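Each of the next two complexes has chain A plus one other chain: chain B in the first, chain C in the second.
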Partner chain A sequence: MAAATASRSGLRSALPLLAPAYLWLTVAIFLPLSAMVFFSFMTELPLSGKPWAFTLGNYAAFFSQSLYLTLLLASLRLGLEVTLWCVVIGYPAAYVLAKVLKGRSREAIFLLVILPFWSNGLVRIFSWAMVLREGGILDTALNAVLPFKINIDLMYSYPAVIIGLVHSYVPYMVLTCYLTLQAIDDSLIEAGRSLGASRLQVLKRVIIPLSMPGLVAGAALIFVPVVGSFMEPRILGGRTGTFYGTIIEDQFVAVFNWPLGAALSFILLAVVLVILAVASPVLRRAA
Partner chain B sequence: MMATTRILEGLGRFYIGLLLAFLYLPIIIMALMSFNVSPFYQLPFEWTTEWYASLWQNDQLIAATWNSVEIAVITTIICVVLGSAASLALYRYEFRGKKFLQALLFPPIAIPWLITGTAMLIFFFGVGIGRGLHAILLGHVALALPYVIVVVSARLQTFAPELEEAARSLGANQWQVTRRVTLPWIMPGVIAGGLFAFAVSFDQFVVSYFLATPGQTTLPVEIYAAIRKGFTPEINAVSTIIIVVSMALMLLTARFFKFGGEK
Partner chain C sequence: MRMPDLTALLTATAVFTSALAFAAKADEVHVLNWKGYGADEPWAVEAFEKATGNKVVNDFFNSEQEMLTKIRTNPGLYDVVMINAAFNDQAMAGKLIQPIDVSKLPNYADISKDKAGSPMLVHDGKVYGVPWVWGLTALAINDKSFDKPPTSIAEMWDAAHKGRVVIRDDAVEAVQFGAIATGQNINDIKDMDAVKTKLTSLMPQIKTFWSSENDWNQMVASNQIDIGTYWSGSADRAKTHFKLPVSLVVPQEGAVAWLDAFSIPVGAKNVAGAEAFINYMIDPKFYVEWVTKVGAPVSANTKAVEALPEDAFNRKVMGDPEVAKRIQFQAPITDAQREAYLALWQQLKVDVK
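Right, the complex of A and B next:
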């Protein structure tokens, strides 16, 4: 009966409620994304007063100068490595949360794990500088324990960027895997065990396949922003922290070549959309 | 067999402990260093609150903080109103293109902020909106709105449409039904959505960074600028305040909205 009322009312009743929100999204998200595509084919900003024309030059620059492609590949590799570490660290944690811990302690620990995720990302990256720098906490602590003198100076290195990013994104993996793992009926696991399967076999044949949507969702949600990251490599990577994201940042805040920046952004967007498209069948099955 | 299970479970708990240490130790160290005397983070640790005191002298930082709070509050109000209205419409009515409208909510969430931020910069500049606090507000609302709609819609899924039907058959008009029946039911979702919106805006760095101008910045943008000049305990102090505020906010949100669909 509710459905009958609903279809009778239709779009005309819905429109006044929907219009403000979607108008806002159009002005602040969808038009800007379209404008970015448009600008990426220009020689100059139309408003700068200089003459401008349409050009493919910004895209030609991407394909002719190996620097951009190299950096894009470096960013994709960074995204892959961070995602893999998040799976390795996050999945077992999600499993323990979903299948070992019970009741209130599970709720409390789950909250503790995802709480940092919702706190300020910039500040959390900065906090790693305190740990990783020479004469920092890690350095001091290890030298206090170990009999010989070592110098841990991870700051401004590739591993520092990886550590910072994994720290930022691992809660995502725990969250998505936990959601699919806790939906697995315990009796399925028990059935497998009682039929003589080893723990490892149950893990391989039952648990991992059933939690695949969570893994894929987590991987997509981590990979995409990591490929576009620039603040994390800047703070923790120093001079080694030049990636595709930082080059885009440069075009907008340092070099002021906006059309090139737009082209680079759009290429990144295309890569991201392809990745999301590849992941979406698995995700849809989960939903 | 039971023994193996017990050992594995013990290992599992230990592992979770390690993960929590990994997640929280840097934050705790950063907070401790904000109370340390040495401006170069030298140990041994000596207690002081002078870095917090000197925050009060930093007019630039205080101005940026107020900007952040103001923008977050306005973003929250706008998002809650527009988002709840849109959620209600998506819940209540059937029409062509509804699936498409729902799908449109995901690009703002899924596209990296670097892309969204630079796109906003180009477009706002191009159409004369320009940069500054108003542009930041425009961007923050757009970023937070999809989250609010998703959260409120999730709450609406638990709503029984028969309640609206009953109220209507008792003579209530559309507005009365909404105000007396539907809104009270979805209120926890609305509050959670509002807190989400506040957090998204208050913690937002990337988009604000591209839309800020020297006089008109937010706290994260100001902190980023400070970090790139060099690390100081003052940054630790303001970062500690931020992290405490945003974690408290999320704990509050968790009271209204169960993450992870606990049974």
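Right, the complex of A and C next:
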């Protein structure tokens, strides 16, 4: 009883601190999002001035045509691949930052990791376009160094999309993993080593399990936006760059069919939530 | 004495600034158009502002749908909007644009009769759009890849150009292009399956789907493409302004023609300014300067085209009666057609992944 009263008064004193954030979330996210939910059940957008009615047709459209499912699966695969590459590239970097480097050099490397955040996303994508194309920076540089002639034209291909997305999202993985890795007490690692565990065993039995929350958080932060991404595939993917995100964009921008676009977005949201819900017990046990 | 002085000064400043602000508001002409499409040329804006005292505020759209959304959701914001004639119907039916008093536009009399009287722009005897320029969606080639310019649309399907062909990421344009390639009327496509088959066989040739002039020019500049669909005005601009090795080809099978026109939205605050701006946009002096400095499509004003040198592309090629016979003007299409075209286009794009 006493505990309950204490927590209630705790909540009351916390309210002024929470209010701005929740007010902002209500106005900026909840209201527009519920408007979109509403639109997704309409035949026409009220803005268009045409008569409208409620319908489930927009959701039915997803199931009536195989192309939406094909693209959704392609986008999920893209999300998994990009997340995997981010782990492969980001985790070792985070480890070095947290456990190997100290002082000045850590600050400098850390800055390099965060640097991409300071530039506009579109600028980053277009600079990749210059690097990846035939006769571009990568092609020219490699041909200048190598004794034999090779032809590198990665632009407008699936690998180009992966490269662009991994570049954009790898800092998230580095940051989340860095935080959990840094919190691991060095004496735990030393204890493992002094008890005869090899470096690999320490990594497997101590470091990875203890940093799992960071890995999971990073993976979720990356997977969700990548599945819905449309800018990178459109610019870098060429004729292979059609994904679930790009057809949602088409519905909003090219044909002004917001109801269908909204319905497709919520189907994506539902699928992602189901994936995270299914994955979370597994991941929690692993952590 | 000091305090009242200060108050007086502050009041005077406040009154003065608000008067200024008000004056600026009343004289602003808000223009909605594609970016880099004549109306936002700095020299043109400056000349217009100097001549009329109106201040031009440009805003841009990336698709016709976005343009319609912008005028729909911001009533009273825009004074002039550039609308493709095929969308004029839809804008008028949605009560987004108002009739224009053409007697206020001295240059209107010089607009070619077939364009001024187009049923797409004139409804019940009232003018809802002033024809500005027209052009083609035809083919453009990278001069470096051809000894002799091709004459047939079939060049797009030539295996020699595999992976070096581009087409615009636009469902309507793609389907109409397919209609021309299969010898059909773009406004009355009877055999949709033939269009689909034809486009399906084109997809493996494609390098990428372009969406802006910049995409196209970049790819030619870095010698990544041989041939692709392109707009006539843009091809001219790529050649004259950016000095790129680009030539327009109007294939013997034909090309899609479009007409762009200026309209005044319902609730425009500065109708007089809008009329002055539209009149300036169809003026021969502006047009000649636009063509010379930047490169442009063909003016709807016959006097403006006549003011160009005899061998100018827009006079010689585009004014050629042989070309006129081959081209087909885009007519309005319904929302249902548009969605069907998009579904077809998306299916094609998914199948080629």
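Here is the rule we use: the second predicted complex is superposed on the first by the 241 of 287 C-alpha atoms of A that agree within 3 Å, B and C clash if a C-alpha of one lies under 4 Å from a C-alpha of the other, contacts with A are read in each partner's own complex, and residues count from 1 in each chain.
Simple rule for what comes next: a contact is a pair of C-beta atoms (placed from the backbone, for glycine too) under 8 Å apart; a residue touches a chain by one contact, two chains touch by 3 or more.
What you are looking at is a predicted structure, and each value in this text was computed from that prediction instead of being measured.
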Of the partners chain B and chain C, which touch A:R239 in the superposed model: first, second, both, neither?
second
Chain A residues in contact: does chain B have more, or chain C?
B
Scan A:L179 for contacts with chain B and chain C and give back first, second, both or neither.
first
Tell me which partner A:I248 touches in the superposition: chain B (first), chain C (second), both or neither.
first
Which of chain B and chain C A:V227 touches, first, second, both or neither
first
Chain B versus chain C as contact partner of A:A277, first or second or both or neither:
neither
Answer with first, second, both or neither: which of chain B and chain C does A:T70 touch in the superposed model?
second
On chain A, which stretch or stretches are contacted by chain B in one complex as well as by chain C in the other?
47, 129, 135-136, 234, 253
With touch defined as at the start, can you tell me which chain B residues reach chain A in the complex?
8-9, 12-13, 15-16, 19-20, 22-27, 29-30, 33, 41-43, 78, 82-83, 85-86, 88-90, 92-97, 101, 104, 107-108, 110-116, 118-126, 138-139, 141-142, 145-146, 149, 161-162, 164-165, 199, 203, 205-206, 209-210, 220, 223-224, 227-228, 231, 235-236, 239, 242-243, 246-247, 249-251, 253-254, 259-263
What residues on chain A touch chain C, complex-wise?
47-49, 65, 67, 70-71, 74, 129, 133-136, 155-156, 234, 237-242, 247, 250, 253-257
How about chain A: which of its residues touch chain B in the complex?
1-3, 5-7, 9-11, 13-15, 17-18, 20-22, 24-25, 27-33, 35-36, 39, 45-47, 89, 92-93, 95-97, 100-101, 107, 109-116, 118-124, 126-131, 135-137, 140, 167, 170-171, 174-175, 178-179, 182, 199, 221, 224-225, 227-231, 234-235, 245, 248-249, 252-253, 258, 261-262, 265, 268-269, 272, 276
For the complex, which residues does chain C have touching chain A?
62-63, 65-66, 68-69, 72-73, 94-95, 169-171, 203, 206-209, 211, 218, 222-224, 335, 338-339, 342-343, 346-347, 349-350, 352-353
